[in-house]
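Here come two complexes built around subunit A, the first alongside subunit B, the second alongside subunit C.
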Partner chain A sequence: MENKFVFVKADASASEHIAAPKYSYWKSVFRKFFSSKIVIVMLFIAASIMLFSFIQPLFSDYDPSVKPNINDQSLKYIQPCLEYPFGTDNVGTNMFDAIWASTGNSLSIALIATAITTVLGVIVGAFWGFSKKMDVIMIEIYNIIANIPFTLIVMVLMYVIGRGKWQLIFALSCTSWLSTAYFIRVQVMIIRDREYNLASKCLGTPITKIITRNIMPYLTSVIVTSVARDVPSFISYEVFLSYIGIGLDESEPSLGRMVQNYVQYMQTPNASYLFWIPVFLCALISISLYIVGQALADASDPRTHMI
Partner chain B sequence: MSVNNNEREVLLSVNHLEVTFYNNKKRFRAVKNACFDIYKGETFALVGESGSGKTTIGRAIIRLNHTSDGEILYKGKKINGPLNKEEKLNVVRNIQMIFQDPAASLNERATIDYCVSEGLYNFHLYDSEEDRENKVDRALESVGLLPEHKSRYPHEFSGGQRQRIGIARAMVMEPEFIIADEPISALDVSIRAQVLNLMNKFKEERGLTYLFIAHDLSVVRYFSDRIAVIHKGRIVEIAPTEDLFNYPLHPYTHSLLQAVPMPDPRIEKSKELVIYDESKRDFSGEKPQLREIRPGHFVFANDREMREYEAKLSEMEKEKKTV
Partner chain C sequence: MKKYVFWRVVRAIIAVFVVTSIAILMVFTMIPKDKIFQQDTAQMQKLAGKPDDMTNYKYSKWKQLGYLDYQRQAEMCNSASDNYKACMATTYTTYVDEYGYEQKEYSYSEEAEKVFGAYEAKGYTINYFLSGEAYAVKEYNGLEIIFNFYKNLIVVDNPWQVQDPDNPDLERSVYFGTDANGVPALMCSGCEHNYLIYFDSNFPFVHQNIVSMNFGLSYPTYSGEQTLGVINSNQGSLVSKEQKFPNGSSGTSPNNFHTCTYKMTSTLDHMDKQKFDDNYANCNSYYSDPSMVTTSYTFGVISLILAYAIALPAGIAMARNKGKWQDKLGIVYVNIMISLPSLAFIYFLKMIGFQFGMPDKFPVLGYGNIKSYILPIIILALLSTAQVIIWIRRYMVDQSNADYVKFARAKGLSQKEIFRKHILKNAIIPIVNGIPQSIILCISGSVITETVFAIPGMGKMLPDSIKAFNNNMVITLTFIFTALSIFSILIGDILMTVVDPRIQLTAKGGD
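Moving on, here comes the complex of A and B:
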C-alpha cells in the first residue's frame, strides 16, 4: 500500500508567522473612508462646489463694485433659466458669476483661518500638554480669553482694524487657535504618561521626537475632527459678520454680503431666489464639509480599521 | 548556603531612598528608607503586594520618578537627582527596562522596525542603514521573531510576541542592567516560561544583571538569586532565595509565602493562612531598622525583635537539620 504520509520537520518559526495581510495605515483610512455612499456623495458635492467656486471666477471677472447692466431694464430680475442659471438681480448682475465668486471668497477665508488656527493650535497645544511651566501661564490666558464670547472678540477686532478679507482672517484666527490648543493639550495630557511614552523616555528619546512620533499620530483623528468643525463654523462667522455689516467691504464678494444684499427679497414671490440660493449654498457647503470631515476623522482612527 | 558578598562587585546600590508623591498639599511616601545592593550578574527580585512601592523603586532607578531623599549609585556614580546631559544618557545606555503591560508599552502607530530601533536612532548606534537593519534583524531573531515582522504594527502580535519585542527593544541597546517590571504578569500562563527562559538566556550570554519586580513568589523562586520583600514602601527582609523560602523571619514575609497556592489540594485545604496585620504587632522598643541576622540575610527589626527572630531562626535551623 502506498504511504501517503510525509515526515515534516518541526519548524519553530512557523508559529511566529502572521497570516493576516500587511496592514497599512493610510490604505485602511482610504478604504474605511470610501466605504460609505453618503460620504462619497457629500465629498462629490463639496469637491464640485470648491472647484466651481475657485475656477469659475477666473473666467467671469466678476467685480461687485462694477454694475455694467444697471441701465438695461431687460436684464433685471430674470428668473433662473438656462442662460442665467441663478437669475439676475435688481441691477442686472449675473447671479451665477456673483455667487461663485462669493462662495470662493468665503471658502478661502474659512480655509486660511482654519489652517492658521490648526497649525498654531496643534503646535502650541502639544508643548502645552507637556510643559508644566507653560501650563501655569497658558491656562490663565485661556481662562481669560475663553470667557469672552468669541463673536464679541471678532467684532471688536473688526471695528478696530477695519473691514477687509485679511483683516477678517486675522480677527477669526487671532484667538480661535487657543481653543484648539486647549483641546490638543487635554489629549496630549491623556496619552503622554502612557507606558509606551515612558518606554521611549527610557530609550532616551527627546521630547520633540516623542511628540512627533508617539503623540501626533494618535491625534490625527482628533485634529481632523477639529478641522471638520472649524471650516463650517468660520464660514458661518463670515456670513454672520458680513450680514451685520462688519465683515468684508463692498468691493469684495462673499456669501454673507449676498445674504445681506438680498434679504429684502425673502418674501418677494418672483425674486426670492436671490436670497435662497446663497443661503442654500452656504448650508450645502457647511453640511457636506462637516460630514466629509467627520467621516475622515472616523476613518483616521485605527480602532475603526479592524474588520 | 550564604554567599560571601564582600567578594562580589556591587553594580547598583540604593541608599536610604525615599520617593514621595504630592497631591496638592497631601504627601504620600511611596518608598521609605530603602537600602539594598545589587551585585553584578545576579537577579535581584523585589516582591510585595500591589501598591507596596516595587514599581516606584524600579522607576526611580531609571529616572522616571523623582527621588525625594537618598541616593542611587550605579557603579559608584550617583544617578538620581539632577544630572548633566551626558550622565543622563549614560544611564539610558546602561540601564534598560522591560515593561509590565506589553499591550501598552509599544507605540501602536509605529512599525516594529521603528520600535526596536528607536534607541539606536537616539544614540546613533549604527554605522550605516544596513548596519541598523542587521542589528534589528539580529535582535528580533534573538527573541525568536522573524525579520519579516519588521514592517508589522504592534497590534498584529500576540501578548507574548509583544513582550519579546519589548525585550528586543531593550537588548538592542546592549545594556548591563535591566529592570524587569512584572514582565510576565500580563502574559498567558502558557508563555510565561518562554519569556523567563529568554531572559535567562540573555543573562547567561551577556552577563546581565536583573532587577526583577514581581508579586508571584513561585516565579521569583525559580528566577532570582536574592529577594527583597517590600511592604508599604519599606523593605522588611532581604535574603538569598532559598534562605528566604526556608527561613522566613519577618511576619509579613511569612504570610506572603503562605499565600502561594500549593499544587496539592490536601495541603492546600489544611493550610492555615496567617494574615499579616500590622495593628496586632508589638512595636515597643526603639525604632527598627534593616539588620543582618545571618550573612546576607537582612530583616527589618529593633533589638527586641532581633532577639525574637534569632530564637526563631535557630529553632528553624535545628528543625531542618533533624529532618
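Moving on, here comes the complex of A and C:
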C-alpha cells in the first residue's frame, strides 16, 4: 500500500499569524475619503484651482505695477470672451492673468501660514502636553493671547511691521500657532495617560519615542482638522486685510486687493464681472478646501474605519 | 469662589496691561516716527518752504504724542539759567561759502553754552535751527514711553488742577450748586471741569467728570481731540437748542454746558464773555448723531438678538431631527458660513438687498431712516449664527444620549417635552457662557461690516486709524478691545456658575 500522506513540517511563522482582517491605515483613509461623490467633486475643483493658480502665472508674467495697455482704448472693459476669459479692466489688464496670479499669491500665503502654524503648534503642543513645568508658563501666555480678538492682533501687527507678503504671513502665524498648540496639548493630555502609554513608559521607552510613535499617529486626524480649518480662514483673513487696506501693498497681487480694487464696479452693469469673478473664486476655493479638509479629517480618524 | 474671582481679576488686569504695554512698545519703537505726518498733508504743504517751522512743528507734535522731550532755547534758558537775557544772546558773523552764497555762522554766549552743556549731560542732543536758535531733543526709550503712558492714564480732577498765571485769584473749592436750569449738581472751581457730578436727560442720566482716562491726543485724524472723546462723543452736525447760559442770559447755542472745562484767561474772547461769567467756557456741543460706541452697540445688540432668535430654534430643530433632511440642510448652511470668507458673504447679501431697494452704504440715508439699518443688521446676525447653531446642536446631541434622557423617555415623556424641559436646560449652559462676551464685544463693532457699509462706528475706527498712522488711537482701541474681551470672558464664567450651581470654577483637592 503506497503511503500518499506526506509529513508536513511545523511552520513556525504560521502560529504567529493572527486571524484578523487585513488593515492598512492609509488604504482605509483613502477608501473612506473617496467614498463620497461630493468630496471627489470638491477635491477636483480645489486641485484644479490650485494647479492653475500656481502654473498659469509662470507663463503670464503678470506684474500689477506694470500696465502696458493703459493707453489702448480698445482693450478697456472687454467683457469675458474666448480671448479674454475673465475680460479686461479699466487699464486694459488681462483679468485672466491678474486673477490667477492673485489666487496663487493668496493661496501660497494661506498655505505657508498654515504650515508654520501647524508645525510649530504640533511640536510645541506635544511637549506642552507632557511637561508640567512648561504647562505653568504656557497656560498663562495662552490665557492672555487667546482672550484678545485675533483680528486685533493681526491688525496691530500688520500696522507695526508694515505691509507685504512675508509680513502678512508673520502676522497670521505669530499667535495662531498657540491655539493649535493648545488644541494638541489637550489631546496629548488625554492620550498620554492611557494604559498602553503607561505600559510603554514602564518598559522604558524614551518620551520622544512615545510622542512620535504612540501619540502622533493618533493625532493625525486632529491635525488634519486644524489644517482644514486654518487654510480657508487664512485665505479669509488675507482677503479681509487687503480689502481694508492693511494687508498686501500695491506691488503684490492678491484676491483681497482684487476685491478692493474692483468693488466700485459691483453695480456697474457692463463691468460687474470685474468684482464678482474674484469674489466668486475666493468663495469657491474656501468652500472646496474646507469640505475636502473636513472629509480628510473624518477619513483619517481610525475610529471611522471599523465598519 | 471670592478668592478665585479676585485672582482672576488681578490676572485680567495684568494681562490687559501686558498687552497694552507690548502694543505701546511696538507702535512707538517699530513704526518710523516720520510716518505719522503722512496723512497730515495740509500742514506739510503749508510748511514745505519753511524748514525751521517744519522742524518745530514736527518736534512739537512728537512731544505732544509722547515720543520725546523737546525744548527750544527760550525754554532751556528759562529753566536752567539765572540770566535769561545773556543765555538768549546770539551773535553771528557772515562769510561767503565756496558756492558764492552768504552764510551766517552763529556763536552763542558763555551762559548759553553752559545751559547746553547741562542739557547734554541730562541726555539731550542740542541742535540748531537755520535761524540760529538752538533746541534740545531727548528721545524716550521704550520703558520711558510706557511709564509716561500709565503715569498720565488716570486723571482725577481736583480743585488744584488748573494753573492759570493770568487768574491768580481763582477760587479753589468743591461745592453743591445748581446748573443753569436749576438742577442740583456737584460743582467745582479750580478743577478742569465745572461740573463734577450732574444730572440730565441723556442716558445714563447721572454723569461724572471726576475720574477720567487720558489716552493722549488723536493725530493726524481728529487732530487735537482726546482719543477717548473721539469714539465717545456724538457725531454729525451741530444741534442748536434754546437754553439758558451760565451767566443767566438765554439764547440758542449748541453747547452742552455741563461739559465745560477751564479756558485759560489769555484765550478767552468776547464771544465767551456773552455766555459765561467765569473761565469755564470750553464746552462740548450737542450733535445730531450718536457716537461711534453707541452706533456699534446699537447694531451689535440688535443683530445679536436676531442671531440667537434664528440660531437657537435652528440648532434645536437640527438636534431633534438628527440625520434627517433638516439636519443635513443645516450642516450645509453651517459649513458654507464657516468656510465662506465673510467679505464674499457680505457682498452677496448686499447685492440681494440692493435688488430690494436697500441703500448700499449707511450714510446714503443716514441715522434717521430705518432702511439704513436693515441690511447690516441681517448680515451681522447671519454671520454669527453658524457658531451658535453648531454648538447648540452639538451640546443637545451629546445630552440626548445621557441617562436622564433615557429615564425621562422610559417615564413616557414626549420627545418634545424631553427636548424643551430637560435637554435644552442642560445644553444652554455652555451657550450662556458666551453671551456676555457677545454682548460686550458688540461695542467693538464689526470691522468688516462697518467698513463695507461705511458705518461710522468703532469697528471701522481701527483700520482707519491704522491707515492714518494714528498711534494713540490704535493703542486706545487695543486697550479697550483687550480689556473688554478679557473681562467679558470672566463675566461669562461667573454667569455660568450662577446658571448651573454644579459648576465650580475653583479646582477641588482631587483635581
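The rule is short, and it goes like this: the second predicted complex is superposed on the first by the 286 of 307 C-alpha atoms of A that agree within 3 Å, B and C clash if a C-alpha of one lies under 4 Å from a C-alpha of the other, contacts with A are read in each partner's own complex, and residues count from 1 in each chain.
Assume contacts are C-beta pairs under 8 Å (C-beta built on N, C-alpha and C of every residue); 3 or more make two chains touch, one makes a residue touch a chain.
Quick caveat, the model's predicted, so the values are computed rather than measured.
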{"item": "Touched partner set for A:H17, first subunit B, second subunit C, both or neither", "value": "first"}
{"item": "Touching partner for A:L289 - first (subunit B), second (subunit C), both, neither", "value": "second"}
{"item": "Contacts of A:V239 with subunit B and subunit C, given as first, second, both or neither", "value": "second"}
{"item": "Subunit B versus subunit C as contact partner of A:I144, first or second or both or neither", "value": "second"}
{"item": "Superposed model, subunit A: greater residue contact from subunit B or subunit C", "value": "C"}
{"item": "Partner chain in contact with A:K132 - subunit B first, subunit C second, else both or neither", "value": "neither"}
{"item": "Touched partner set for A:L198, first subunit B, second subunit C, both or neither", "value": "first"}
{"item": "Partner chain in contact with A:K4 - subunit B first, subunit C second, else both or neither", "value": "neither"}
{"item": "Touching partner for A:Y25 - first (subunit B), second (subunit C), both, neither", "value": "first"}
{"item": "Partner subunit C, residues of subunit A touching it in the complex", "value": "140, 143-144, 147-149, 151-152, 155-161, 232, 235-236, 239-240, 243-246, 256, 259, 263, 266-267, 275, 279-280, 282-283, 286-287, 289-291, 294"}
{"item": "Subunit C to subunit A touching residues, read off their complex", "value": "11, 15, 18-19, 23, 26-27, 30-31, 335-336, 338-345, 347-348, 350-351, 354, 360, 441, 444, 447-448, 451, 462-463, 466-467, 474, 477-478, 481-482, 485-486, 489"}
{"item": "Touch list for subunit A against partner subunit B, complex", "value": "12-13, 16-18, 20, 22-23, 25, 194-196, 198-206, 209, 213-214, 217-218, 302"}
{"item": "Subunit A-touching residues of subunit B, taken from the complex the two chains share", "value": "59, 62, 64, 88-89, 92-93, 96-97, 99-101, 104-110, 114, 118-119, 122-123, 144-146, 149, 151-153, 155-157, 161, 166, 169, 173"}
